[in-house]
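In the two assemblies presented below, subunit A is common to both, partnered first by subunit B and then by subunit C.
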Partner chain A sequence: MKLGSYEIKLEKRVALRGWEATAISTFAILFALVVFSFVFVQAGVDPLTGYKEIFSFAFLSSFGLPLTINRFIFLLLCTYAFIIPMRAGLWNIGMAGQLYAGMLSAFAVAFAFGGKGSQGLTLSPGFVIPLMIVAAIVGSAASGAIAGFLKGKFNTNEIVVTMMINFITFWVVARMIKEGGLFMGSSGEGEGFKLSEYLFAPLIKGIPFTVFIALGLGVLLWFLFAKTKLGYQIKVYGKNPIAAKYAGISPSKIPVMVFSLGGLIAGLAGYHYFAAVPGVYKITKNYGEFGDLAFYGIICGLISQGNPLAAIPIALLFGGLTNGGRFAQGKLKLGFGIDYALLGVLMITLVAFQFFYRYKIVFVKTEKEK
Partner chain B sequence: MLLESIKRGDTVLEAKGITKRFPGVLANDQINFEIKAGEIHAILGENGAGKTTLMNILFGLYQPDEGEIYLYGEKVNFKSPLDAIEHGIGMVHQNRKLIPAHSVIENIILGHPRAGNVLNLKRAGKEITELCDKYGFKIDLKAKVWQLSEGEKQVVEILKALYRGAKILILDEPTSALAPPETKRLLESIQIMTNDELAIVPFITHKLPIVLEVSERVTVLRRGKVTARLETKDTTEKSLAREMVGREVIFRMERVEVEKGKPILQVENLSALNDKGVLALKGVSFSVHEGEIFGIAGVSGNGQQVLAEVLAGLRDAEGGTLLFDDINILHNSSLERWLKGIGYIPSERVDVGSIGDFSLVENVAMNYYFDKKYAKGGVVDYKKIRKLTEEMIAEYDIAAPSPDTTAKSLSGGNLQKLILARVLSRKPRLLIANLPTQGLDVGASEFVQNKLMEAKKERAGILLISEDLDEVLSLSDRVAPMYEGKFMGIIPGGEARREVVGAMMAGLKPKVDEI
Partner chain C sequence: MWEFFVRSLDASTIFTIAALSELLGQRSGILNVGIEGVMLFGATLGFMVAQSTGSYLLGFLAGIVIGGLIGLLHGFFSITLGSDQVVNGMGIWILGFGLTAYIGYPYTGPLGMERIPDIFGLSPFFFVGVALIVIAWFVLSKTSLGLKIRSVGENPSVAEVSGINVTRTRYLSVITSGMMMGFAGAIYSLDYNPVWSNNFLMGWGFIALALVFFSMWNPYILLAGSILFGTLWQLSLNPQLVLPGLMSRYIWRTVPFIITVGVLMLMSTKWFRTRWGAAKPDALGLPYIKS
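Right, the complex of A and B next:
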């Protein structure tokens, strides 16, 4: 294409630097917001007012911010649960099932030690709380490991397996909390029992301590992939399983490893939301919605291209928007689903802009005709 | 000029001042050459010399930036290969472009303008049979392509071009995948074809002697320029290689005599299945000694690949024993074998031996991440591996701007040097080199062969698998020709006669007195 005395060309990028990726993503977000303004205009709302409501509720209000942070922790953990298998070239679609497995395991521990409602604890909380976390980790890792084992041993499609486990676990939860299930709450309204207040996870300035786990994992995963032997093995397998085998990397071990690790982190997300977020502390009726929310982990993982540190701002943004979008929708009396529409536009733009990860636009001064 | 009036010796195609630029590369620089009716005109050049570009221009795949092409004295401007085909230019690519599930005849008439929508196989069959009889090709037209040998596939490609009326036939590396008897048959047919005033233009990087046997004139390309135009009879293999590479090339690698040590690898009655579940390695027995190169000669697909993979721990054996240093390693993983000192250079350098998206440092790490000196406590010391990579780039003269370059940006020869450097730097006691010079030009091949010889001097046992008979014979202390999963015998390298080994590769048992 020609523009005056310049020619515009697409050029393949040889390497993508960190700041370039950041700039491209930021530009994509701004672009999405501009595009979405038309929806606001269509609905008769000034876009600036609309965005102000969304962002000020999500990130500045004393009521909205904690909700955003809780969602952020949840999303970030789900993102990590997706990223680890992704780096091995495998797709974890089973964050929902894994987080339910972690949630059930944690509540099983609480149940076993008398943590159900007002019963007396048979052991000190200082022992039961860590045990709940360990149970969540082990339960969800085991759930993830099934897909990994089947992949490594029989080359079963991991997407199908994790998907199926989602359904199975979803119904196991229903069996446990409804119609006389072991974990049924006292109200009998289709939700789980409330945790004894001794078992409420510790808060730091009103924020669940799990935020440190999530952020700490970010650093840990960055280190895993950048420096460690295991991270290297995962990356080689992810790029080329046959070359991995040549280099002495066990093609059956890596899938089990990444799905156990991914599942483990999804289990922490389950523990976080149902046992550490203030005001919840039970398996809620709408647990299915959180299973659905877990799928945003896939989006955040893809946008951050498997980079655990880049996932942090992206999960924060999505956490804030799911939260602020819903709020603004109610306050400005916008149509149903407008919050999801915003997220949709954002996702498509972010993914579309990844084109610029591979290509750049260059202006070439055209030579004068001879 | 009318096609019918062309006589032997008339110029049929003339290229003048062909120049083609790619970003940062001058692929063809003012190339002039001409082809005469009834001649075999070889074009020689290393990988990257500009042969492929030139060929693609002649065949209409690229348009030249400068220069003109004259066909039978008329200026032509090919917009596409279809254009070129209609003008009577046929081309046989190095990577065969046939449909394996279809029969020979179906492949030949595929895309033929006369084929139309209703196939007249009977008429086509008759015409193709006539072509075969005329040029001495023997092929079953009803056979499916997947059942054919490489040589037969080559014949199908040639028939396809001829059936479409090619008067000028461009052949890309025509003999590179063929066994010696097949090569001989092909060259005979090519010579018959020239009786019909067909011009044949083979492009060659290696196997100089075989094709030069039949060619009349040679044009040599180096770095996009024509460096020599010669009559074949005035040249020698050596002088051609010098023109091609730009320096002296040693052809017959001097076999260094090293005192043979104890057996490092002992294989007894080893068998294994291929990917299709068919027994492809049928009980081979041999040993490789320290300071010895044991060569396996054979045409691809006769079980060499399966054997190499079993030895490297990448494929399970069906039966047999495998002793390394007198210890059974049949059930050791590939990692355990690396750690014991078995190094493997795979034939698939892009798909197995390296990872294109990874930097050179990360590629070198493939053989070092498990080494305690380079990865302490589960943390890989990338700095140290980077230093190692820099040393390899310098020592092996790998053309790469930095160790952070991705492997996919390297040329085939440089990538092979990197893999070789990486594997040899581990100082393996047993080295399995699977087609180490396949697809490399003369200069790079020579380099690789030198390095193998050096490893031998350092008393490594080397198993060399090669399709190149000259290479195996000149490097190996002992040679085992392999055919259909079995060794046809084990012969001392120095005494082996080319024809005998070639016949054995094709499955013929030698008479005792021939060896």
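Right, the complex of A and C next:
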């Protein structure tokens, strides 16, 4: 295409530099937010007012900020659960199932040691709380490992398998907390039992300690990908599994490894939201919504291009947007599901912008014809 | 028991049409993992239009049109831009899942229209589904259009050299496929279970995707698989009809998903692949860039 004395051409990128990825990702998010303003307009709300409400509640109000931080931790963990398999070229869309598995395992420990409601603990919380975390990790890693094992051993499609496990675990949770299930709460209204106060996870200045786990994992994963042998093997497998095999990297080991690690982190997200967030401390009736929220992990993972440190600000932004969105929905009388709509718009914008991660637009000055 | 059987066939109709649409796209080399999202769009828009206009016909048309448009979008990303088809499909699924939750919410509840009349107790769409299977088989294996579709799915460069327009053939397949996905969704929300609630498909699209892998890309095996899964699904919803008091109803709901994983695993074993020679299209999921 020609524009004046310039010719516009598409050129395939040889490598994507850090700043280029950042610029494209930022632009993609801004573009999605502009597109999303149509939802406000359609609902008869000035988009600027809408966004102002969302951001001021999410980041500036003393009531909204802690909620944003809790969501941020949850989303960041879900993002890491997605990123690790993504680095190996595999799709983990089973964060929901894995976080339910982690949540169930943690509550099973609490239940076993008498942490249900006002019952007395049989052991000290200093022992039971770490045990809950370990159980969450083990349970969810096992859940993730299924997809990894099937992928590595039989090359079974991991997208279908992880999605099936999401549904399976969703119904297992229902079995446990409803209609006389073991974890049913005393009120019997379709939610789980409340944790005994002793088992509330420690707070640091009102923020669950899990924030340090999430941020620490970011650094750890960065190190894993950049500096370790395993990180290198994951990358090689992700680029070309067949070449990886010839390089001596076991094609059955890597999928199990990345899915177990991913699952493990999703389990921490399950522990975080249901056992560490103030005011929750139980398997809530709407646990399915948190499974849905986990899909933001996919978007964060794709926007950050699998970079665990870049994922931090993105998860914080989305934590704020979803949290503020729910608030604005009530305040501005928008329809239900504004956070779901945003999820959809962000995702499809990002898919469209993928193109720019691979191609760049160049302007070439054409010589004037004499 | 008869009623259970009939309901199972009704359920299998949706699996049949949805999975057949995916099969068609995959035969041309385009993988759409976002089938559940397209079905949600078809189901939700079909429901909204039917309820507002009082016309089933317009409802189904809306479902088919939106499905076709989403198919076109998938085609644009996957064929024209040549982006990763799995990412595009995921995008379409999440777009459908997110946006329909928002736009459909005011319509929560029953459709409130007279039910579509049945034929011998069966939904008329069951017969449509069987007819579509026969048509798809005929077109794919007996006509020159079918040969074109299959060849762009197996080896697009060779197809191009032999004078087939790869881009046009793939667009045609992916749009038709989207229209059928939207139609399948609309059958769910207008005929099978005419009540709108948030994210009500709960995995139908993903099971349909798995069914295509089970079918080894053969429409007749796909029909058999759909009937099997329709029955399983119905059993998981109403276990008391067949095996009362055996397990919690929630555990029954997990059964179709567990069996899907089991069958999918069996189908991907080396033994199965060498014994039955799965006819997976060679160029499935690969973008084609004309050189």
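The working rule: the second predicted complex is superposed on the first by the 352 of 370 C-alpha atoms of A that agree within 3 Å, B and C clash if a C-alpha of one lies under 4 Å from a C-alpha of the other, contacts with A are read in each partner's own complex, and residues count from 1 in each chain.
As a working rule, a contact is a pair of C-beta atoms (placed from the backbone, for glycine too) under 8 Å apart; a residue touches a chain by one contact, two chains touch by 3 or more.
All of these numbers come straight from a predicted model, not from anything done at the bench.
Aligning the two structures on subunit A places subunit B and subunit C next to each other without any clash. By the touch criterion stated above, A:134 is placed in contact with neither subunit B nor subunit C. Ranking subunit B and subunit C by residues of subunit A touched puts C first.
In the superposed model, A:211 makes contact with neither subunit B nor subunit C.
Look at A:338: by the touch rule set out above, it reaches subunit C but stays clear of subunit B. By the touch criterion defined above, A:227 lies against subunit B but remains apart from subunit C after alignment on the C-alpha atoms of chain A. When the shared chain is aligned, subunit B comes close enough to touch A:243, but subunit C does not. Once chain A of one complex is fitted onto chain A of the other, the partner contacts of A:21 are absent, as it touches neither subunit B nor subunit C.
Contacts of A:108 after superposition: neither subunit B nor subunit C is touched.
Touch criterion met: A:295 reaches subunit C, while subunit B stays clear of it. For the pair subunit B and subunit C, the least inter-chain C-alpha distance in the overlaid model is 6 Å. Listing the residues of subunit C that touch subunit A in their complex gives 33, 77, 81, 83-84, 86-88, 90-92, 94-99, 101-103, 105-106, 198-199, 202-203, 206, 209-210, 213, 248, 250-251, 253-254, 257-258, 260-261, 264-265, 268-270. Put simply, subunit B touches subunit A in their complex at residues 312, 314, 333-338, 344, 346, 351-355, 357-358, 362, 365-367, 369-370, 375, 378-380, 382, 404, 409. Within the complex formed with subunit C, the residues of subunit A that make contact are 39, 91, 93, 146, 150, 154-157, 159-161, 163-165, 167-168, 171-172, 174-175, 178-179, 181, 292, 295, 298-299, 302, 335-338, 340-345, 347-348, 350-352, 354-355, 358. Subunit A meets subunit B in the complex at residues 14-15, 227-230, 232-233, 235-236, 239-240, 242-243, 245-250.
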